[in-house]
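Two complexes, one shared chain (chain A), two partners (chain B, chain C).
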Partner chain A sequence: MVQETYRVLPGPEAYLAPAAAMMGVMPPDSGSAIVEGSVVSEDEAIAVIARKLADAKNPAVCPGPLLIWQWDDGVSAKAAAVRELAEACGAKILPMIDYSARRIRTDMEISPNHPNVTILQNDIDVCLFAGVHSHYANYALRLIRARTDCYTIVLGDYSASEDAMASLRDINVDKINAITEKIKSLKRG
Partner chain B sequence: MSKKIITPVKEFEEFLTPEYKELIANGPYNRDKPTTVDDLGTFYEMTGPHPHCAGCGVSLAIRLGLASLPAPEDTIVIGTPGCSYFALTQSTLNYSCTAFGNQNSVASGLKRMLKVRHPDKQKDVLVMVGDGGVADIGLDNTLHSWFRGENIATVMLDNEVYGNTGGQESGMTTEGTVLNMAPTGKKFPKIPMFELAKTSGCVYAAKVTVASPKKVGETIRKAILVAREIGPTYVQVYGPCPTNLKFPPSKTIEAAKDGEKSYYKYEEYMTDGAKEYLNRSKA
Partner chain C sequence: MSNTNTDIHTAQKPVSADEMLHSAARSRTFITGSEAVAEAVKRANVDMAIAYPITPQSESMHLTGDLYAQGYIGDYYRAENEFAVMAAIHGASLGGGRVFTATSGPGTLRAMEMFPVWAGSRQPIVCAFMCRGVALPPSIQPETIEMAFLLDTGMIMFHAENAQDYFDFILAGYAIAEQPEVHLPVGVFADGFFVTHTREVVMLPPDDIKLNVYDPTFAPIPPFDMEHVPMRMVRDPLLNKSNFVSYAASASWHQEVLAAAERARKHINHYMGGLIEVENPDADVMIIASGTAVSQSREAIRAMKDEGINDVGLIKVKSVRPFPEKEIEQATAKASLIIVPEFNVGGWLSREVKASIDNNKRVAPGPRVFGGASMPSEIIIGEIKKYRQ
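Up next, the complex of A and B:
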């Protein structure tokens, strides 16, 4: 049965958390963002994301294949912006290098197949994904919500991830920089 | 695309794992000349640690095949359930596993789409699946892709058994073989897949075993090249299964050599068109 007010919140929620979409959560249209299952304005989402990252004890930034590999000319600029964001909040960088089911180094990287293991091993309380294809992101986010209490954030290249606790869509360098600036001003107090 | 997908952006390069750094620096990608079986031991391979049984003939065939791809950065391997899934899914190659038996249909669609999307570039679609996948559950899809003349290469990793599910007989099990779940022995001979390939539209077909590693590499490479322009191709590789055929893991090569004395005697078939294409691409 579809519940009317399903909230996408930190877990551990269940052995297998449901897909937020199955619980009636829809990804936002162009120009909007999503926070904990509700559509909000981009500015609101940017404020929430910056606050969560600034307050985090041990945040992680997880760049995905779209941000790690030189597949398109625009990648470097976005990668530089995300790296600056990570430095602003003192986040550990745990890349999702590919989606393969190979054995991974859980102290250095994260995989969509068992992302909860990396999150738990590194004691991550807030994690931000960028450059991960949506179908793999949603899958990983459900596993993190199921097995950990980590707060999840997604910066989507095209669409937002409704399975994240906070997510922006159509991400570009300006939006990433807006988050970074907010984090810096929150850190300054 | 192509080599760019294995070139990291400088912002995140330092965060790659040592294995990935090694793959970029010394792997089969980013080379002027593609690797071959002769180069094994001198480059970082795509097959990583995998959970195949000791002495697995299928994993050896995969290792030899992946070392012989003419263009790994422009290749996608299509698989299906079976033991081959383990090594292939853990490799650093584009790999997609289909619902059981659908491999040649998925590969056909993918190849057609890639031709539309990249009209000026060769994108190789290689099917690598078990004997049950080709000769039993995927037989109709396999044959129809050949009848239609699809530009894909099909490799059967023949261990003469359903290895992954604990030892049922497959159509490719030899007559009389007793298996965990065929206690009174198989009642009919091997399905004549190699003959079917020749009569169903394959322009290149070869039968090899892991006891002749160079031949495995060469035939798979030729099958991929010929499939680019001439038509469907087929390589049937014998990789015996110590776990289910009940011989010691150290005897896999001997078992494969035994096979070469009878059914698995080396055979290579090609049409004049395929021969001409291979001569042209050598020149």
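Up next, the complex of A and C:
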């Protein structure tokens, strides 16, 4: 019997991990978020994300091209907020500079084409992507889920990533700061 | 050469797809399916259309060319052949434009390589297909066999029953294709001649409105932009035999195309009122059809009612990709017999239905017509009576 309810959980899951959408997991509508395949409120997702990052032994924050290269109003403030979040949980910054098929320094950056290599070589147990186009986020997340036991988080500019274990959509500085404040509060005990 | 006759185009008021499809007042017209296609393109705020003629598509792209001359379309030309059309329209879409083209039967097959490329690069291209026979043996008559060849290209596929559907599905196609979480090509299919060359009542919104401009910056992939970092490098994963992109990565890219089609379901529900329409859902016999086979099935049901046979229902399949598995499973829950009339020899819709439901021995293999044959309602009735005995 085929499993009825699919949950998006840390792997290693399969030789080729399925696309969550093909297993019936749909991204949330505006105002909601997603955790492990279930639609939840944004506050619930923020609490889960903060807890995972605060408890992580070796977290990584991976800013993508929408933070690194974009020149729209508000991007630099968003990037600063992500950096503060990374500092709050002591995360490495491993940028996804672009999506090209090139050799990368896996101790310094991450590629959507083989993200599992960076995760495994740096022993990352929780990683957070921000500013990554949604196609490339899902593309990378399945490879991480297939080949590693890393907990994946995505802060999506427009859509949430149903292939992440936790994801917020329509991300803005307030939502990023809410995660950061929660991490700081958890770290204080 | 880009259009300099932009007065009419710019005089149209941009509106949301919701206003265009759901709330704008409509007036009655009596037009052909080809004209309905042109009426949709006229309101779609299309940046570029590219044409290559083939029966029965030719009239629609001729009328689209007229729209260019009138200033409704930014650019238009006739390409060398269908492959050239589909490759060039892909380039125009990669460049961030909203595009339109159309083809038929052998033209579809000639351009075949480009359809999965459109999907693989996540471009929201809308293409109308006026279905006809291919060389099985040669026929220009209505057939839907070309749809079978396109089922696994990654495209979203809608099948119009009539000219009204053709108009509505093309405009809805843009709204659905351009959703950031979807961003896939949409093929809008209709049965050639039956729909393209016959007149019927079509309710149209005013032609002084058009869809809002397409904004490629909302794409789930970077717009193709040679001017800024990271330039063309963004598309290098297409070169999946690179040492730095594994086959697993290529597979994950492929999965994302299919996942995007799954994410289209809620938008199809919103803009098209569902993936299927059901009449008489509690019936013991259900006819499942798409395209003009739906109309023939309606006529069969009407004729059977005249005979006192009232327990026959109808499922009209509007979306072929994504396929409405759950909706069909639910709508056939009470049926003991399922009939799938089709305009093709292969029976692709029948296969899709059989793969979607429990107890698929309920699905009768036909009736099917092809090679130019029409589908009299009597053969649908005959099929039902044969299997009920």
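Keep in mind that, in the parts below, the second predicted complex is superposed on the first by the 185 of 189 C-alpha atoms of A that agree within 3 Å, B and C clash if a C-alpha of one lies under 4 Å from a C-alpha of the other, contacts with A are read in each partner's own complex, and residues count from 1 in each chain.
In this section, a contact is a pair of C-beta atoms (placed from the backbone, for glycine too) under 8 Å apart; a residue touches a chain by one contact, two chains touch by 3 or more.
Quantities reported herein were computed from a predicted structural model and do not represent experimental measurements.
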Quick check on the superposition: with chain A as the shared anchor, is it clash or fit for chain B versus chain C? clash
For A:16, is the partner it touches chain B (first), chain C (second), both, or none of the two (neither)? second
Just chain B (first), just chain C (second), both, or neither: which does A:41 touch? neither
Does chain B (first) or chain C (second) touch A:97, or do both, or does neither? both
For A:121 in the superposed arrangement: first (chain B), second (chain C), both or neither? neither
Going by the contact rule set out at the top, does A:80 touch chain B (first), chain C (second), both, or neither? first
Using the touch definition from the top, say if A:67 reaches chain B (first), chain C (second), both or neither. first
Applying the touch criterion given at the start, work out whether A:26 contacts chain B, chain C, both or neither, answering first, second, both or neither. second
With both complexes superposed on chain A, which partner does A:105 reach: first (chain B), second (chain C), both or neither? first
Looking at chain A, does chain B or chain C touch a larger number of its residues? C
Contacts on chain A seen with chain B and repeated with chain C across the two complexes: 69, 97-98, 100-104
Hey, which residues of chain A end up touching chain B in the complex? 63, 67-72, 75-76, 79-80, 82-83, 93-95, 97-98, 100-105, 108-109
Help me check something: in the complex, which residues belonging to chain C touch chain A? 122, 180-181, 183, 218-222, 228-230, 233-234, 236-237, 239, 242, 244-246, 248-249, 251-253, 255-256, 258-260, 262-263, 265-266
Residue set of chain B touching chain A in the complex reads 1, 4-12, 15-17, 20, 48-49, 89-92, 95
Which residues of chain A touch chain C once you look at their complex with the stated criterion? 15-16, 18-22, 26-27, 65, 69, 97-104, 111-114, 133-136, 138-140, 142-143, 146-147, 158-159, 162-163
